[in-house]
Amino acid sequence: MSTLVQENKDLINLPNNQEQDKQEPEVSLSDSAKVISPGRLVLRRFFRSKLSIIGLITLLAMFAFAFIGPLISPWGEVQMTGDYKWVTSILPHQIVVQELNEETGLMEEVTYVFYEVSDPYKVYAKTPPSWDHPLGTDQYGYDVLTRLMYGGRVSLLLGFIVIFSEVIIGMFFGSLSGYFGGWVDQVIMRVVDIFNCLPGLPILMLAAALIDGWGIEPRVRIYYLMGILTFFGWSGIARLVRGQVLGIRELEYMVAAEATGLSTKRKIFKHIIPNVMPQIIVQATLGLGGIILSESTLSYLGIGVPFPYAAWGTMISSTSGAEGRDILQNYPNIWVPAGVCIVMAVLAFNFIGDGLRDAFDPKMRR
Amino acid sequence: MRLGLIIVNMIKYIIKRLALSVLILFGVSIIIYGLVRIKPGLDFVQAKYYAQMQLDETGQVAQMVERQREIYGLTSPIFKGYLKWAGNIVKGQWGDSFIFSVSTGEVELLVDAEGNPVLDAEGNQLTKPISSSNVLDIIASKSTISFIIALIATILQFGIAIPLGITSATKQYGVVDYSVTVLAMMGISLPSFFFGALLLRIFSIQLGWFPYAGLSNPNSNLPILIDNIHHLVLPITVLVILSIGGLMRYTRTNMLEVLNADYIRTARAKGLSEHKVIYKHAFRNTLIPLVTILAGILPGLFGGAMITETIFSIDGIGKAAYKAVTMGDIPFVMAYNLFLSVLTVIGTLMSDLMYAVVDPRVKLVGGK
Amino acid sequence: MKLLEKLKTNQEKKKALAKHYISKEQIKKTAKENSRIIKELEKQNNRKNVPEEEYLTEMKNPNNVVEFDDLHAYFFTDAGVVKAVDGVSFDIPKKSIVGVVGESGCGKSVTSLALMKLLQSPTGQIFSGEIRYNAKNGKAYNISKVPKIDMNKIRGKEMSMIFQEPMTSLNPVFRIGDQLDEILFLHFPEITQEEAKQKSISMLNTVGIAMPESVYSRYPHELSGGMRQRVMIAMALSCDPNLIIADEPTTALDVTIQAQILDLLRNIKNDINGSIMLITHDLGVIAEMADYVVVMYAGRIIEKGTAREIYKNPIHPYTIGLQKSIPALNLNDETLYTIPGTVPNPINLPNFCYFRDRCEKRFGKCNGEYPKLLQVSPTHHVACYLAEEIAAEFAKTKKDGGEKNAKK
Amino acid sequence: MRKNNVNQELNAIRNDQFDSEIEKKDILVVKNLKKYFPLGSNWFKKTTSFVKAVDDVSFTIKKGNTLGVVGESGCGKTTLGRTILRLHSITDGQIMYDNIDIRTIKKRELTKLRPKIQIIFQDPYSSLSPRMTIGEIIGEAVREHKLVPAEEHRDYILDIMKSCGLPPYYYSRYPHEFSGGQRQRICIARALALKPDLIVCDEPVSALDVSIQAQIINLLVDLQKKYGLTYIFISHDLSVVEYISTEIMVMYLGSVVEQGTKEQIFKNTMHPYSKALLSAVPVPDPDVKKQRIILKGDIPSPANPPKGCKFHTRCSECMDICKTVTPILKEYEKGHFVACHLYPQD
């Protein structure tokens, strides 16, 4: 009989065959084959989809552009182009220069308001694309390409930090609510309900506008922005986690974990969290796109990333306001690239998120 | 008898949900008020009138500022202040906008110093329109045009997205399916301000097919309605394209799920044509999850589209809110947020009720 | 040196294993090939305005309702072609119950879905073979060639189906009455609303529903599983079909409810003028219900015959093992007999007997190609080399008998 | 060696008072067990009605025996199994495992007791966590309870796997690679690894194919002989229960209708429901045409069971008394209990 046993896994050790000597087959396929963990299976399925690969490549390219690009670029984020040796500070539409006051014979700071390439200070604002400035310069004379890179830094980094904090908070409250149930669940879910009823953009605007009034340093304001986005964004993840935990709690392997007397810590960290993770990862990836959109919208409204720091939204906001029509009509090189960058980043995250969802759950394709 | 029981259950359910809604709105108002109060230094009312107060000799401005601060409970500690503000909200005093005022439609009869009516040449008493900067009045007056735009956009959105979503589900991996996926992805990924600007640049500035901004053109010789529609084409396009993607995907996913159900196989086994299987048996079941979307429509209908209205200079509530934010009109922004939250709560309740209408399995039970 | 050796052995191991895995190129190739085949078959299926002559055929035996003739139903997946039904031939005679039995994944459901042309398109396709159907009007259709549109006239009216899950097989948003009436309106367009309602209620009465009027206006979720299955049967009966396909009709039900439903099925079989194709994995149910039994294993028929032949005189080791491994009431043995191993992977099946590796009676011949279906009695067929002798004997007597007859 | 330690710990929480009451061999004594699930509540969060999933069930199992629990859906057999492990809170009654009162012991002591009573589930697909290897699944609770020294852990697990018919290379694999029958073996190994005395088998073979079903049943029987296990075998399949059990309990809507040894239940069936259940089982023999008792109607909802005898709505021998008076479970021969008005009730 054993001569015919080749790669049949189940023939060995069956109660029926126990009388016969059970020689385990030496090296069969099942013995030496690679162990495919669920994680690797997901990755394999993920890379099978063209769209997810496109998304991943786009994202990597954008990261390189945003984080390596500025190191190569000869221009700075707030470096004005022109013959401006005397320029000491810059604000929107105005420069302050040191000038000789002929009456007193002293050097004095004089503020000039400018709109265009102007003599005698030759700030090269709104120059068309050239070798020096592949995408031209904007209305302040900054290099558009370099600003795009710095804007990418803000958007991508901010997106990742915000989603990470959201996931941490959401997972904490969601799993608490789903695992313990009862009044804990009631309280947390009502709070989540409240956050879900808040209007998205308007409440962000209210918060951002109020913080605007605090007169915080521009550098620090980005962190406040992150805080606001996290504060108003965690509830969705909490609700998702709660639903998942509730579902998993009913599954028989959780009952088995209870029956074998595992500790609560082990049940949560070994059984619940790893099985909730797939959904969270998908949601977080898709959410990243949303956060980038929110951030750029706030920046567009002028209450996000503050000037003079670059953000994609701010760059597009040059199409509104006093000289908006002019820029909209005559200088697409100033605002179109920023829009394209936003679309590309959000699309990339959406592609990756979709790919991951299909990979995690092949039955629910798209 | 049975109908009676259903109605009683329904009323019980609604009462219970309303109680819950009040709780939620209570929480929402705490967050909104809390945001306003965590501001250090000068409070927003004083800040707004700071310059005027310095120049004010009669003390009128200072009085007005004090009245405003009373409304927002800024004079008391935060907890008491909240109760004061919330009480005012319930009474209907939502505060005054700093920057907007609208005519209430009523007029004040003009009188001179002695109290005699001021007459014009023909002997009629002169009048002065009364204006109000109460935020509720402003919201009411500004949301009309926003509502019209949103209504058209929503109808178009549903009318286009649902058939397309169904088609792409039934012809999975076909041409329609791929185009729908791409379109949906674009819709989700495009920022409205960028897309609006692009459309303006191309269709208004470059090609000149559509007007640049506003609602009507006084120099136009078109009939007023046609002129309005002409102005609204671009903003509505933006709204539709941006919201259509999500709805299409949602329809598609749900349709795919329904098409895998056992009862669809039963319907096919009956000998029903594919058309009937999809548009009768599958579609009714796809409607069930689609009803949840209704919750989001209500705030969308009355809340205006902030960015789109701004870009196309349409004087709706969205543009007003945008202006209020940029100019620091916090009373208006607070009211606007609260207004939207109320709409969301009502929308959720309505969609839950609709659920019971669409899905016979759902029973509204007051107790549970 | 050692490192090199290790590398070498690793390489060899990889190579040895490679044949067990599908490479990316292979996947691409199969996907491309699959989509080509699917497209062709779908084109065939989606034709419109096809003259009836194209799919008309002759029954081999006019006393059969359905004749499966070398049916191949495949699923074209990216991992390879799943030959869910691979060369199945059997007949369903008029006014009889034919039981199809086998374990999950043996292709019994796929066979019935192929007959109804309800295979999950586009991956599931009837690849080749004929299914001849003897219609009420005396015509014989070749189901595998009938285009989708014309199939709608056959489904529900000529043959109908009862599914396994009564809980999910009725549309939850329509009332029972609407779902019953719908099939009547569809196949008898001239029927009035009143007549349809009358007919539906009488149908509900037939299947033993106590208050048909009240059930008529209820929603499916208000009924129990047994009641829903009765409604499904009423729906299947309402157009007086030639053939009812019952795909595991009682698996999801409780034992006492199962007894009710089986009783009902037995009764209606006497009332109606048709046959029943009963698919189940439960040998007990088949024994009680069926006149003829077809045993399937891994997409093929391994044994078929009358119920008595299969139960009293099984020949194929799988049939024997299956019967011995059920713990039957009051038939206690010391240990339960088990068939070792599991059902083979349906992709890339070997070209020897699929049961060989689990079979206790295998011998040298079993390494040869897949055994043909041998006839061992006028109604009994077995696909096993063990039956060769009996088959030869039978062939001889048949020949003798034939000669005798001829002489007479 | 380690096992003794666990036993010592358990001895500490054992209540000796009961020693005299029950025989030493009785491993599990269940008395008047009730499990009610709250069903809806009014505005003030007070439960107004219950589903009586398990209503006054008593039984005793001796070591090495198998108690079969039979019944149709909604009869409370699964709830009974889970309540015995205190996976549900116990509404009322007493569960004594080896003189330990499971209802009243503290959570910490319960955790220590857990390995002694194990459970196997119906669905082999949802009872294994998809992100753990087979070795982890079987071994994690062994590690948690420190049943074997850390250095012997792997060998111990491999040993257990071997006795469940699982080849050693499964150790580092994931559940998604295995079929239903193999998964069920893994579940059995997980339970067995904790050196249990009692295993509650909750429909362990209902989801499996016929040929695999036989393999699993045989494995269970072999393990019982080898390790002296006690089973509570829950199933709706009478033939499987008859095969594996020594005693049988027939349940209907949360109550026991008949209880006795296998021979008593099958040879001398008394309750009309048991009779109907037995006659409803299809026999795989075309020549046997048995007289079938076909019950009328559906199983009533457990949330709203009929008054009197719960079975009276479907019973062919229903009398007037059945509609009003609930029959009590009474012993008619040694160990054979029936709850039916057809037999003298006092």
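We just call them A, B, C and D in the order they show up, numbering each chain from 1.
One rule holds in what follows: a residue touches a chain if its C-beta (ideal position, glycine included) is under 8 Å from a C-beta of that chain, and two chains touch if they have at least 3 such contacts.
Not measured: the values here are computed from a predicted model.
Student: Taking each chain's centre as the mean of its C-alpha atoms, give the chain farthest from subunit D.
Tutor: Greatest centre separation from subunit D goes to chain B.
Student: If you tally the C-beta contacts for B-C and for A-D, which one comes out higher?
Tutor: Answer by contact count: A-D.
Student: Rounded to the nearest whole Å, what is the centre-to-centre distance of subunit B and subunit C, using the mean of the C-alpha atoms as each centre?
Tutor: So the centre of subunit B lies 56 Å away from the centre of subunit C.
Student: How many angstrom lie between the CA centroids of subunit A and subunit D, rounded to a whole number?
Tutor: So the centroids are 51 Å from each other.
Student: For subunit A versus subunit B, what separation do you get between their C-alpha means, in angstrom?
Tutor: 27
Student: What is the distance, in whole Å, between the centres of subunit C and subunit D, each centre taken as the mean of its C-alpha atoms?
Tutor: So the centroids are 36 Å from each other.
Student: Listing for subunit C: what residues touch at least two other chains?
Tutor: 335, 337-338, 340, 342
Student: Multi-chain contacts only, two chains or more: what residues does subunit B have there?
Tutor: Answer for subunit B, listing residues that touch two or more other chains: there are none.
Student: Among the residues of subunit A, which ones contact at least 2 other chains?
Tutor: 9-10, 14-16
Student: Spell out the part of subunit A that touches subunit B in their complex, as residue ranges.
Tutor: Those in contact with subunit B are residues 190-191, 193-199, 201-203, 205-210, 212-214, 289, 293, 296-297, 300-303, 313, 316-317, 319-320, 325, 328-329, 332, 335-336, 338-339, 342-343, 346-347, 350-351, 364, 366.
Student: Considering only the defined contacts, which subunit D positions touch subunit C in the complex?
Tutor: The contact residues of subunit D facing subunit C are 72-73, 179, 181-182, 209-215, 217-218, 221, 236, 238-240, 242-244, 266, 276-288, 292, 294-295, 297-299, 314.
Student: Within the complex, which stretch of subunit B touches subunit C?
Tutor: 261-263, 265-274, 281, 284-285, 288, 358-361
Student: Using the touch definition from the top, list the residues of subunit C that touch subunit D in their complex.
Tutor: Residues in contact with subunit D: 103-104, 210, 224, 226-227, 254-260, 262-263, 281-288, 290, 307-308, 311-312, 321-323, 325-330, 332, 335-340, 342-343.
Student: Provide the residue numbers of subunit C that touch subunit B in the complex, in ascending order.
Tutor: 116, 118, 148-149, 151-157, 160-161, 163, 165, 168-174, 182-183, 186-187, 219, 221, 232, 235
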